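Below you'll find a set of structures to go through.
Here chain A shows up in two complexes: once beside chain B, once beside chain C.
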Partner chain A sequence: MAEQVTVTCAGGCAKVVLSGKLDAVSAPGLQEELKKLIGQPIEKLVFYANDLEYISSAGLRVIIFAKQKINVEAKVYFIGGQDAVVNVLKMSGLDTFMSIQPTFEE
Partner chain B sequence: MLRIDTHPTHQYKGFDIRVGKPLPFGATLVPGGVNFSVYSSHARSCELVLFKKHEPQPYAWIPFPDEFRIGNVFTMVVFDLDYENIEYGFRMEGPFDPREGHRFDKAKILMDPYAKAIGGRDVWGTEPDWTNVYPHRARVLLDDFDWEDDHPLEIPIEDLIIYEMHVRGFTRHPSSGIKHPGTFAGIREKIPYLNGLGVNGIELMPIHEFDEFENSRLSPATGQRLMNYWGYSNVGFFAPKAGFAATGKFGMQADELKNLIKELHKNGMELILDVVFNHTAEGNENGPTISYRGIDNKTYYMLTPDGYYYNFTGCGNTLNCNNPIVRNMILDCLRYWATDYHVDGFRFDLASILGRDQNGAPMHSPPLLETLAFDPILGKCKLIAEAWDAGGLYQVGSFPSWGRWAEWNGKFRDDVRKFLKGDPGLVGAMMQRLQGSPDLYQWQKRGTRASVNFITAHDGFTLMDLVSYNGKHNEANGENNGDGANDNDSWNCGGEGPSADPAVNRLRLKQIKNAVTMLLVSQGTPMILAGDEMGKTQGGNNNAYCQDNETSWLDWRLLDKNAELHDYFKSIIHFRKAHPALRSCHHFGSNASPNGYPDISWHGTEAWSCDASPESRALAFLLNGENVKGGTANDSFIYVALNMHWEMRGFRLPQLPEGLTWHVAANTDMPAPEDIFEPGEEKRIGDQSEFLVGPRSVVVLIGK
Partner chain C sequence: MEKREFPAILAHLETMIDFVMRSAEKQGFDKETLGQIRLACEEALVNVVSYAYPGKEGTVEISCAPAPAGGIVIEISDRGVPFDPLSLPEPDTTLPMEQRKIGGLGIYMVRKIMDDVGYRRADGRNVFTLTKFLK
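Our next item is the complex of A and B:
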C-alpha cells in the first residue's frame, strides 16, 4: 500500500500524518509536501505514525530533510510509532534529534 | 537548470536506458534512474540482471549495447527503477581458458565488485537457500547520511588505546543485557561501558560482507555447527555485513554502522576497520564464483603460469594487489570508507601480501603501499599493517612504510609473553619493547608511532587463557587440534585449565595485571583484546575462528566475577592517559633535559645499573617527566620495576631531585584495592631508597 500523507500547519506547528509504507516510492511525494513548509515560521514538526507500517532508508531521509530544511531549531516529534518503525529510527540515529513518544499533548 | 543528458535515449523491452558514466564504478543514483558501471578487461559483452528483492529468479536482463561500452567499462543508466526494492548483478561473456587465466561463464550471475550493499545474508545465521542462482546480491544504496558536524577524531596514534573486538561476539551473549545483541546497534548501547573503561580506539574485526556459511560444517568433536565466524574472507569490499546490523533485514546496515561511528566519535572514540585485501571468499578453482572470478579472473587474482591460484594466504587464492586495476579498487575502497563512513583508520590483515608483485615475489617499493601512504584522502587515517603473511614473508620492522605505516608489533607480543612467564635472557629484548622497539623501527626514523603493541589479539589465546593453558585446546574446531599456533609462549601457572587452587588463581590474576601493566607503560600504541579486562576465556581455544557460540561470545557476567581485574584495567588505562611521558612519539635519546636526568634510564635491583645477563629477570626503568612529548608537556618521574623472578627482589631506587618523593601508583603483588591507585591518590612510600618487589610482580612509582 502506498503511503497516504496529510500535512497541516497551524500556529507554528506542522502536523504530518503518515500511513502505510514510507519508502523510495512514497518518499518523494512527502518531500514535495514538506517543501511547501520551507519559509514558514514552524517551531514544532509533528509526525503522527500510528498507521505507519514500514519506513525505509529513503523514508528516514525525508524526516532528516524536514529537520534540515524547514527549521533546524524546530522541535521534531515522532508520535505513536510501532515498535519495528521506532527501532529502525533509533538504530539509524534519528532519536538524537527528535522526540519519540507515544502521544502528543498540544 | 536541468541537465540535457538525463533523459533516456534507448529502450529495451520496456526499460528506458541511456549510456551511463563510467565513474564512479558501481551503482549510483542519478536523476531519474540508476547509473551502473562495471569494468572487465577481457569480457566480450555484459548484461545487467535485475531481481525484485528476495525473488528467486530475475525479472529482467538488459544487455549493455556496444555503444554503451567506454574502453573496458560497461556503463548504462536505467530509468524509473524502484531502487530500494531491486537487486542487481551482471552476466559476462568471455573466454573460458583457465591456462590463460580466463574463467568466464555466461550462466553465472555476478556480484558487482563495487556493491555498496549486499543482500543474501541479511540476518546472521539464517540458513541460506542453497539453490539460489545469485546468493550474494548487489543492492543500490542511498549513501548520504546526516553526519551533522562529525569528523574523524585524528587522535595522535601514540595517544590511542585500541580495543579489538568482534562485532557479534561483543554483545551476542545473553548476559550483555541489551536490546540488539550481536550488532552495530549493540555496540552503540555499550558505549557507556567502553567510555568507562577508558579506551579511545575501537578496532572492529572484519565488517565487510562475508558469508558466515562458508565452510560451514558440524564439529565432529562437539556436534556444534561451525561457521566462518571471524569473517576474514570477503564477499564484497564496499559493503558492511548486513548480518551485523539489527536493521540488516531492512537493508539499512550502512545507516546503522554510520550511526555507530558518529556516536563513537561523539564519545571520543575512533573507529578502526580490520580490512582483508589479501584474498576473497571465492577460494581456488573449486570455490564458488561470486564476482571477481567471473568478471576478470586474470586481473583480480595472482595466477601460476598454468592458471592456478597462488595461495599466499592459506585461503585458496591471493588478490592481485599490485595489478594497477586491483590497486585502484583497493584505493577506491579505502577512500570510500574514509569519506562515507568517517572511519579513522585501517588495520590490514596479512599486509605483507600487499607488497608482493603479480608473481608473488616481495617488492622493494610496492606501489600499492606507497599509494596508500601518500594518498591525500587517507592522509590522516591510521594505516596499521599486520606485517606478515601465510607465505612466509615476515616484515615486522621492515615493512615498507614511507614513515607512514604502523605495524602490529609481533615481537612485542612474543618477548613480553616469554618475559612474563619467567624465561631467561629476555631483559635486553624487554628494554627495546618497553621503549617502542627502536631496534626495529629507529633505522627508518619511524619513532614509536610505528609500533602497535599487543600481547593478545583475536588470533591466539585470550589473556586469561595465556595464563591458564600451556597448550592450545582446539578440538572443538574439528581439526584434531591441528589448527592454530603452537608457539604460544603461555604458562598455566600450575595446572592446565580452570583451577580450584586459590594460589593458582591468585597468580593468574597477578600475571594478567603484570601483562597489562607492561603493555600500558610501553611506548607505542597499546592494543587490548576485548574481554581481557574481565578475564574472558575461550577454554584454551587459540583459534576460535569458527566458534559462533559461548566459546567466543563475551560473557558479561565475568564483570562481576573478575571485578578486581576490570578495576585494574580501568585504572592502568587512566594511568597511561594521565602521563604524557608514556606516550612519546619519538624514540628516546634525543631530548636533553635541564634537570640533568636522561629521558629514559635503566635500572635493576641496583639503581643506575641494569643486569641484562641471561639469568636476570629483573629490570626497571625511569622516565624523566620534564619536557616530554618533544618538549610540549611536563610529567612526573615514572619508575617501573619488573620482577619476573619467582622470588621477591629488593630494587634500589634512583634518587629524585630535591623536594620530590616516591609514591606507589601500582603494585601487582598487592591485593585490591592496594594494587593500583588513581592519579592523584598515589601512596607515598616509607623507604625512599629501596622497594621490595614481590615475586612475579610489577611496581609503578611516580616521583612528585
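Our next item is the complex of A and C:
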C-alpha cells in the first residue's frame, strides 16, 4: 500500500488532506499527526476536504484542537467540502470561524 | 423491532452504526436524512463508549423500531454510570474556535438532528431515545 501523506507543512502553511470519514475512530490518528506541527511557525491551516465524505463532532474537535494548540492566530481554511460535511460545520457554528472555499485561494 | 447488544468499545462503533442504518434505510428516509441519522447515532454511541464504563467493560443495547406514522425510534441503553445526556449545557456555538470547550458538541448535534430525544433511568440502565420522523 502506498504511503499516504496527510499532513504537510511549508512556508507557514499547514496542509491537511482529509478523506473518507473523520469520525471517533479516525480522528485520534489525525490528531496525532497534527501534534507534530506544534512548535512550528504556522499561520494558515488548510484542510482539503474534497474526498471527505463524513465528519462528526470528533472530527470537529480535531480542527478545534489544531487551532488551539498549533497557533491560535492561524487562519483556518476548509477547501472543497461536500454539502453534507459543510452542513455539520454550520450546525456547530464553526463555519463562521473558517474560510469555506471550493479551492484554496488566500 | 430489532434489538442487539454490543460491547461498548470503539472497535464496535461501525457495527453498531451499521445495525441502526440498516433499520433506518428500510423506513424510506432520503440520503441526506440518512446521513444525519448516522451522525446522531455516532454521537450518542460514542458517549456510551467513552463514558459509561470507566475502567471496565460493559455493553450497549440498541433497539430500532418504526415510528408511528413513519420514521424511526432508536433506543440506546447501557448499564453504566448514571448519565443524562440532556442535562449537559448547550455549547456556545457563537464562540470562536480558540474559546471552544471540549464537551457537549456531540449531544448538541443529536438534539438538532433528531425530532425528539428522551432520557430515562430505569432498572439500573441509562436509556437514551432518539426519534426521527419521515417528512
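Basically, the second predicted complex is superposed on the first by the 100 of 106 C-alpha atoms of A that agree within 3 Å, B and C clash if a C-alpha of one lies under 4 Å from a C-alpha of the other, contacts with A are read in each partner's own complex, and residues count from 1 in each chain.
Throughout what follows, a residue touches a chain if its C-beta (ideal position, glycine included) is under 8 Å from a C-beta of that chain, and two chains touch if they have at least 3 such contacts.
Everything numeric in this text was worked out from a predicted model, so none of it was measured.
Put simply, more of the residues of chain A are touched by C, taking chain B and chain C as the two choices.
After overlaying the two complexes on the shared chain, residue contacts for A:Phe104 are found with neither chain B nor chain C. Using the contact criterion defined above for the overlaid structures, shared-chain residue A:Val88 touches chain B and also reaches chain C. Of the two partner chains placed around the shared chain by superposition, chain C is the only one that A:Val76 touches, whereas chain B remains out of contact. Taken together, the two complexes place residues 23-25, 56-58, 60-61, 64, 67-68, 88, 91-93 of chain A in contact with chain B and also with chain C.
Those residues of chain A whose C-beta lies close enough to touch chain B in the complex are 23-25, 56-58, 60-61, 64, 67-68, 87-88, 90-93.
Of all residues in chain A, those touching chain C in their complex are 23-25, 54, 56-58, 60-61, 63-64, 67-68, 72, 76, 84, 88, 91-94, 96-98. Contact residues of chain C toward chain A in the complex are 10, 13-14, 32, 35, 38-39, 42-43, 46, 49, 93-98, 100, 102, 105-106, 108-109, 112-113.
Contact residues of chain B toward chain A in the complex are 82-85, 141-142, 144, 146, 180, 183-185, 188, 245-247, 250-252, 255-256, 258-259, 262-263.
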